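The chains carry the letters A, B, C and D, assigned in the order they are written, with residues numbered from 1 in each.
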Amino acid sequence: MSAAADRPHARAPLEWPGGARCAASFSFDVDGESAALAAAPGTARSLSVMTHQAYGPRVGVGRLLDILDRVGVRSTFFVPGFTAELHPGAVRDIAAAGHEIAHHGYHHVRPAGLDPEQQAEQLDRGSDALERLTGDRPLGYRAPMWDLSWEMPALLAERGFLYDSSLMDDDFPYVLSPGEQGAAEGARTLVEIPIQWALDDWEQYCFLPDVTELGPIQTPAHAVELWRSELDGMREHGGCWVLTNHPFLSGRPGRAAVLERFMADVATMSDVWIAPLGEIARRTVEQAPAPRGLPRIEP
Amino acid sequence: MSAAADRPHARAPLEWPGGARCAASFSFDVDGESAALAAAPGTARSLSVMTHQAYGPRVGVGRLLDILDRVGVRSTFFVPGFTAELHPGAVRDIAAAGHEIAHHGYHHVRPAGLDPEQQAEQLDRGSDALERLTGDRPLGYRAPMWDLSWEMPALLAERGFLYDSSLMDDDFPYVLSPGEQGAAEGARTLVEIPIQWALDDWEQYCFLPDVTELGPIQTPAHAVELWRSELDGMREHGGCWVLTNHPFLSGRPGRAAVLERFMADVATMSDVWIAPLGEIARRTVEQAPAPRGLPRIEP
Amino acid sequence: MSAAADRPHARAPLEWPGGARCAASFSFDVDGESAALAAAPGTARSLSVMTHQAYGPRVGVGRLLDILDRVGVRSTFFVPGFTAELHPGAVRDIAAAGHEIAHHGYHHVRPAGLDPEQQAEQLDRGSDALERLTGDRPLGYRAPMWDLSWEMPALLAERGFLYDSSLMDDDFPYVLSPGEQGAAEGARTLVEIPIQWALDDWEQYCFLPDVTELGPIQTPAHAVELWRSELDGMREHGGCWVLTNHPFLSGRPGRAAVLERFMADVATMSDVWIAPLGEIARRTVEQAPAPRGLPRIEP
Amino acid sequence: MSAAADRPHARAPLEWPGGARCAASFSFDVDGESAALAAAPGTARSLSVMTHQAYGPRVGVGRLLDILDRVGVRSTFFVPGFTAELHPGAVRDIAAAGHEIAHHGYHHVRPAGLDPEQQAEQLDRGSDALERLTGDRPLGYRAPMWDLSWEMPALLAERGFLYDSSLMDDDFPYVLSPGEQGAAEGARTLVEIPIQWALDDWEQYCFLPDVTELGPIQTPAHAVELWRSELDGMREHGGCWVLTNHPFLSGRPGRAAVLERFMADVATMSDVWIAPLGEIARRTVEQAPAPRGLPRIEP
């Protein structure tokens, strides 16, 4: 009975390059104005709120791209189609810097609140917007407000998406077979790269009247302490650590400076493999874990 | 007038094994999907929310069982019947590891919001679900959302439950006589093992859109500092310290690692007796403290 | 231009015994069940909530009385009449220990939400309840929920109350003339001993479903750091520091232990005069500062 | 790949006196009663709330003026017209101490919730109130609740205002041309000095029943750590750091003492130029950066 006792490794379904215990990805959700407009349409009247959101693509993205360059990290940026069309320069800069651009809805509306036709429309409209700007259709998807519907995995698989990153039921990526349970062999599948609320800057920093007033804005030191504690846990237990930052929040100079130091620290950890989500998804597919159906609970 | 002055021990109604000043229990509420569904039925539409909740029985329980094994602590897991049926493997694993399985409602609905017939139905349905899986009817009960009704103590006593752990008016367990005040000698009684909000991981970690958005998610270090400060107070004053963790929250790698270190610390304290709640209840009954009626306030 | 420069003492309208720079009072609001019932009547159905509130008079008051005795501090306890009638032993214990018992409404309803007749009824009913238990009518008043009405100062003055402690517009006590502005000499007046939200344990510790869910419960160390920083400011600037704790919150063993150490610290500060509010009020009256009318703003 | 690597200075559109990397302003929003009355008119019934707000102009302003004098900092105070008329002495004291007095609405209502005529009426009424007290019409404006409308920039420019300080889309001040995009040369412009939510004491300290209950009140040490981290980020990246304190919050002795030490620290930093906002605006105009139109998003 000792805290330092050796730990069994009951479940390590995947192996990472270089024998790393833990994969890590520094992802970004470039919400911009759409996040406020979808959550509270009345914020359209507020120039203050609109500019608060615009700070992300206007200023934050550039600063974060500089930081990623300095620390030598490649990342994934999830961009709603509406935001991409409003700030095409930010999207082109991200692509030019060699990072992955992925899908984050069109109007940043929660899929779980839409019927399947509306979901498909938002999905295709968002892919079209990104393709027009970058020449490529996105291969990764993350649900706006992290609120994936039951129908979306099939919609994604049908369209050839490689992965989704919106679910919360595992420490490791897995292969999801979104048809009925026990789907026929050869059915289209999707990699799921799980996230969780503690690894998000929104709950630490976001104050947005009429949208979210989560209580005292935390210091960057507090946020990084939290994210680091979860990373350390994953280095111990194995897993895939996915951090999400929003440029309209973490692009601010003070937060960005602390995030840069944190990224630089993680980049020195020999037991951590840092990669964009697309590479993590491919690495998962290569190992061909048994696909998993949707949960059995009836919605 | 000194802070270090000897402290009188005005009330120590119970004695613990080995002369410990303080009993301690690391209990778990395995809510799973039911906690979200009962609080906000619309979350059924959200695959993200459902998987966030499923993380508890799917991943968290196994990790926590490993930890309990390593630190040599036996514990009590409160499981709603609905969750038990959806995740029978988790329940069997808990039982196989030698921990106590106790009742946490069927649909995780708050008893105080139900009429007595509905309460009885939820109670029996939950007991049946657990018995089918483990072979035993549970002896302990904790109200979903920690919201016990005035009728439930009698319902529990009539069914032969040994204890409830949902009330908040004492530092020590006590014997509750749920009939009218001054109930006749020989009436059925129940042990009450009190809890309190500061000894719960929900208020530190839970962010669940449409259910609870309690403000900035805290670090595990902050949570453990809070729980430890209350434990230290009880070591000074005497009492029974009952911590509650939720596997969907504290089963995450970073939180689990910090919790393991904390458990290992407590396990070295010679003035603290760690036990499952069922053993604490039996220890209480053995000392036969005078039973107490329900509070006099008219609901 | 230096932070260490001597500070002018622009306004020190009152002097404290022994040349202390700062008066201090450790006051308690013994809300009990009434605080929950008044804020959310439906909590009457919840035995968990009722017992959470009952912890204050049942357990917390006794522990806090022991602590006050050990650190040699006399205090003021504000008790709603309803709570006094439900827990008469707690009230008698407070009085027997030599502390001041003051008025905190009858049903703990916010005066600002009542018409003047209802306010008077709550006021007299509360005084009657306390007088029946202690033999004395209370001389001090604090509004439930710290929500004083415009009419209450006159109602208090007419009844011969010595002081109120519910307003927030000064660092020092003052004499309030609750009639119209420039009230005639000789009109009844009242001492006002101001409070403020940062000096209250409610905003640090209170989690009460359906009543208040203020975000992550803080550690006692955090709470005391906040209270201490304000005390240090008042030692620098002069003033009257009034802390309010609720026995249902700060009577818990861990919080009480930290509070005891803090009280013991303050008791060693030679520049701080600790007293019950009644003594502070009398000390104010003796210095006969010019009375002040109600603010000019039209409600 | 090192955190200490030299940082490119991609965008430093403005230069500050003495070669400072960062401009800084300690601004104050003297809301007083109007902030509560506009957000929740029912608070007019509460003498406690009204006095809580009155603390700002009654006590806080004087203390903060003393502090500014001791640390040798000149500042900008935004005062709603209603508050100025209710507390004229505070406004005269601010002016007499040589600080800038600027416009903060008349009734502290959010412009984004008003039609253009109402906005103009609030604007002119507020200017009239300040001019009657100080002899000067204000040259700077900040929207109540930091909620600027799309129409207000043109209303301000038409009236000859020098600057606004309510938007959030940049680290540096800029020149805003509020007419249609690509406004004709010579059209009236306005300097915008951006702010952001993390540099505000409201989110750290404000607890105001029925108006805002943001969670546990933070310590002054926490607030200053947050503000300092953003200042350090701006010293690294360049920018204009604008802190906002409310005298009803930060005028309290403990918070004021910590703020004074922080101000004194910043005053020793050779890479930071501290100035009132009006001077920062003039410095911006002198460098004649290319004007920017309103964002393209259709409200």
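By our rule, a contact is a pair of C-beta atoms (placed from the backbone, for glycine too) under 8 Å apart; a residue touches a chain by one contact, two chains touch by 3 or more.
Since we're looking at a predicted model, the values are computed, not measured.
At the far end from subunit D, in terms of centres built from Cα atoms, lies B. At the subunit A-subunit B interface, residue numbers used by both copies make up under half of all numbers present, so the two copies contact each other through mostly different positions. Seen as a C-alpha superposition, subunit A sits on subunit D after a turn of 90°, to the nearest 5. One inter-chain figure worth recording: subunit B and subunit C are separated by 34 Å, centre to centre, where each centre is the mean of the chain's CA atoms. Mean C-alpha position of subunit A lies 49 Å from that of subunit C. Touching two or more other chains at once are residues 214-218 of subunit A. For subunit D in complex with subunit C, the residues that touch the partner chain are 33, 44-52, 54-55, 58-59, 62-63, 66, 70-72, 86, 205, 207-209, 213-221, 252-258, 260-261, 264-265, 267. Considering their complex, residues 1-3, 5, 7-8, 10-11, 110, 112-113, 143, 145-150, 152-153, 166-171, 194, 196-198, 203-204, 212, 214-218, 222, 225-226, 229-234, 236-237, 239, 294-297, 299 of subunit B touch subunit C.
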